[in-house]
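For reference, the structures are reproduced in the following blocks.
Shared between the two complexes below is subunit A, which pairs with subunit B and subunit C, respectively.
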Partner chain A sequence: MTDQTLLVLPAGIPWVLAAVFALLDGRRRWVGRIAAVGLGVSFVSMVALALRVLRDGPVEVVAGNWPAGVGIVLRADALGVAFAVVSIGVMLVSLLYEVSLGMRSRTFPAVVLFMAAGLTGLFLTGDIFNFYVFFEVSVTAAYVLTSYRERDYQVRAAFIFAIVNLFGSVVFLIAAASLYHVTGSLEMQTVAERLGETSPNSAITIAVAIFVAFSLKLGLFPFHFWLPAVYVGSHPPVAAILSGALANIGSYGLLRFGGILPDQLALGTYAVLILGSASIIYGALQSISRSDVSEVLAYSAIGQAGYILLALGLGGPVGFSAAVIYAVVNSLNKALLFLVAGLRGPLVGAAFAVGALSVAGVPPAVGFIAKIAVFKAALAAGAGGGTAGAVGTVVFVTVIFVGGALSFVYMFQIYQRVFLAREPQGGHVEKPSPRATRALVGVLAALVLVFGLWPEPLLVLGEEAAAVLTGSPGDVSGGGDSP
Partner chain B sequence: MKNAPARTPEITSVLVRTIAKLLFLPILVTAVAMLIKGYAQPGDGFSAGVVGALGILLQYLAFGRRTAERLPLVGFAGKGVFAGLLIALLVAATPVFLGQPVFTHYPPAGASVIYVGTIELITALLFDTAVFLMVMGFVLGGVQMIAQTIADEDEYRGPEATGPEFDASAGTDVEPSSGGGRR
Partner chain C sequence: MILAFSLAVAVVFGSGVFLVIQRDLLRVVVGIVLISNSASLFIVAAGLTRGAVPIVPLPGGDGASASDPLVQAMALTALIITSSVTALLLSLIYRLYVSHDTMDIEDISVAELREAEALERKNRPEIEENPEKGPAAEELEERSR
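Presenting the complex of A and B:
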């Protein structure tokens, strides 16, 4: 009973609050505060659920007391809760940020809560169609969020975002329908079991469609064209939510469906690895050539997504766990940097520097842990493969290293331009941002450092999540207890 | 502004208006029937909501915005969405507090059901009613928004503008040469 309550609470609270808050005026201070408290409670229950899952294995509920195989399955496993915790956390911080600066729109809290409801549902469902529905709920909320503040370019960005994402959704819906067509089920584990018996032709087509759909969400290299326009136009907390929470749908989807379609993933390894490497290099080079902070961060997001794809392509327990760790760390980094980019005043520069170090992968920031994980994955992949494996390892290690070095360059280029160069100009001293907002960003920066110095929770999370993907679909709970 | 109310009757013919009036009640009755008989026969809250909303959309098309919005409860469409959502969440979440999985419906299979006439009182019906409210409210809200936008444009254009419609509307909402505005 407690398990069920724990599974329902994180998604249920934002749902109910979103419905209520949609009728209230979000510009009133108390409305924003209560919304933040509600999202906070949801976050805490999510963390509790995550601890429960990490300790005792996945929690599963079949809705409506239906027999298994008939009802819709809600399942919380390590992979889902890892993404859910970080996404809700990022949204909570962004909501608090906006509350502390003063809300400008009556719908903002409600839309954020709707998105939180959609995201938790998406990460905690075991059913592919439900996954699609929740995905639409959160993405629809994101369309509204993107146009927040309603300047011309923001509405334009929202329009681009909506068109591209609707296209991605349609592609995914087609893939979901085809999966149902070939397997006769929408339940993820059943689909994974039955896919082995289907014709390889249809399975690989479906896999490609799913890959395109999620790459589009994540903004990987050949599908990235929409991303800079949207991130540059968005208000800082919105950009933080989009890249720190919503983009997780892409990485989660790639990982989850990589686990459901392992043979197809193995078949497409080279494509995935090449696209990942291209994404890293392309994102880094583009970032270096830009001068606007949010534009640099937008292109950097493309590069960072490349690491996740690279780790996914390297595969195996090490690769998957690296992908999870990198995705989680990347969310934290992006949230921190986008939020900081909108602020001025003491300690803001320091917080930005922490984020920059983390993106570049320099200790003691947590980005170092993520880079190391991907490095390890590259080394592990080459270990058993003879000459080809050795060459591959050299190539990937080089790509990771070059990508990291380039990200160091572009991050400190903006640091210099924004936080160092401002003082000598002197003419206009910008008024520092409210203390509460800066404190919030400081907490996020501290978190980045703390997880860099004490990475165990992150590593455990990554390993457990990878075990969900590599373990045989039947007994997911058994693959847990490696140190 | 002045010609807006006068122009509305001219758009539709007597035939359309008469049929719209005749069909209005049957459409709503069909919608309710789809809603409450959805378990034994085809239908559910979603399709009932769509059918009901189409019935009201027909009134918009035939009689114009002002007349259609005078219909009872049409003004509450937006609120209906959220009321529906809350009812649906209530139905989904209540079993959790009773120790059952989400979306468990009462009475359980095999138990006796209370009848009101031929309607079976089950929580699934309440859930479908919520879906009905949401769908209907959403579609009507969309219709109202579009109607409002068209009315605003007409007012903006004023009685003098007699040129082709495309030119006038293109001038209002597409700004020329705005491509690199933010760079």
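Presenting the complex of A and C:
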């Protein structure tokens, strides 16, 4: 298979299927199953593409056979495929979960497929405006998904979500237009090259606009106000998709544009670090004070996003790779926890405990690897900085440690309340959930454990992705896959 | 020209923000439409150059003096996205209007709180033993003041 087809397949398959499924009734079982198979094929082609990229370096295609510099560039590099694989994986599991529970709406499979197409396109594009278009495709699908099941509070949550995110999109669009104005190009690499020659004033304004737009998507501390309202009311698979796949747009965008605007990122290091730390502490404290499972998880998402921002602010190859690893691990954790929260029955509690350990960063769960990566970034950043560096290191290590300890407390608080309660509330015994859904959750929990015990693939992915951002050609020979 | 455009963008964006912070959901939607349109205006302003119509800059001809077609394409795409999202938003508020008979966001959230409390009371009868004021009653009281 040529690189060209391999690059188009992961976004192309769900896109074509979504258009077809929009006409079919998703409540029928076979429709949901075929949609899941389609998304599965897309996932497999995505993994194949990821392996190709990690082995031979980035794959690039100019759409429509236009000469380079004119046509829209599609590019798959380690950073993009890392996010794409985990996002599509989370969506696949959530779709299977909903298929085995039984769909309640005719549009659900089509909307999930549209979102998969949008997300894959977004992670695999090398063009800023194309990025915006795919971004809109996926968030519009997310608005529809949020209102799934059509309870009043869900519709209201979808409305809030749409308004806030549209605002973020507009800010990003304005930043994209400004980038085009100052550099005369929309191609990410060209923009990055030409930005050095532009006036620093306009570049820093653009950088701030981009930062605000993606922080809004990710739900970082001062921009988080919409997040609890949306996550709390949502149906479990929808919450898993929003938190495990859609929120990746925010972390990917911050990382990608951090690579395009490195000088501006360096200038704003302190702001980024402080916001990240504030996010960690705020999210953890709010989570501890809540009692509802989905509410705790929603606030925990704010805190976890803070770690990604902290790693991004620490910067350098170690910091970027920590941010990528943390983002990937966080998607897995959140998908697992949101899905488990809706289930009852044997083994569900164990799966939740695995997710809880992972969020708290306790071995053998994969969260441990992610926390260690951020720790390492904090140490590396302080190593060359004299006294100020040492003080900074102490502060950040403390923040990371306190955040981890607090997350341990809130995760096991809800574990105790939900899964260890001897007397079921109201006196009736709850029916265990369907076996298929519990099996899916078990698979996710097993993945969390496997990557915790055998983290090499994840670490290689993180390093390669960081190499894309720092501009140094990474070790593309793909070694280190063996334990 | 630049000043005129920036003023226009600022006024449209500002009016949009003013509408978004209203209570009436329909006004919120109109506000977000205005904000999106200010972005389209901004895109057009970003590529403001004088030149010929850019349909076919013939090779060898004076292609260099054609004005930039890319911003127009970008603005068009942004407009299409805005219009489709507006349709979605309108359908969402219609759905809320059908079930609550109101477009006011606060009325809707109070009604929701009341429903949630009713549900809670039905599921957990022990709450009724100490009749405490629920959040909806408090909210109503606060608003009547």
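We adopt the following convention: the second predicted complex is superposed on the first by the 465 of 483 C-alpha atoms of A that agree within 3 Å, B and C clash if a C-alpha of one lies under 4 Å from a C-alpha of the other, contacts with A are read in each partner's own complex, and residues count from 1 in each chain.
Quick note on the criterion: a contact is a pair of C-beta atoms (placed from the backbone, for glycine too) under 8 Å apart; a residue touches a chain by one contact, two chains touch by 3 or more.
Because the structure is predicted, anything quoted here is derived from the model rather than measured.
After overlaying the two complexes on the shared chain, residue contacts for A:Val232 are found with subunit B alone; subunit C is out of touch.
Once the two complexes are overlaid on the shared chain, A:Asp152 sits against subunit B and subunit C alike. Looking at the shared chain after the overlay, A:Ser178 reaches subunit C, while subunit B stays out of its contact range. In the superposed model, A:Asn65 makes contact with subunit B only, not with subunit C. By the document's definition of touching, neither partner reaches A:Val37: not subunit B, not subunit C.
In the superposition on chain A, contact is made by A:Ala22 with subunit B only, not with subunit C.
Residue overlap on subunit A between the subunit B contacts of one complex and the subunit C contacts of the other covers 152-153.
Contact residues on subunit C toward subunit A in their complex (touch as defined above): 20, 25, 28, 32, 35-36, 38-39, 42-43, 46-47, 70-71, 74, 77-78, 81, 84-85, 88-89, 92-93, 95-96, 99-100, 105, 108-109, 111-112, 115, 123-124.
Put simply, subunit B touches subunit A in their complex at residues 79, 82, 85-86, 89, 92-93, 96, 99-105, 108, 175, 178, 181-182. Residues of subunit A that touch subunit B in their complex: 1, 4-5, 8, 12, 15-16, 19-20, 22-23, 61-65, 71-72, 74, 152-153, 232-233. Taken in their complex, subunit A has these residues touching subunit C: 129, 133, 136, 140, 143-144, 147, 150, 152-153, 155-156, 158-159, 162-163, 166-167, 170, 173-174, 177-178, 180-181, 186, 425-426.
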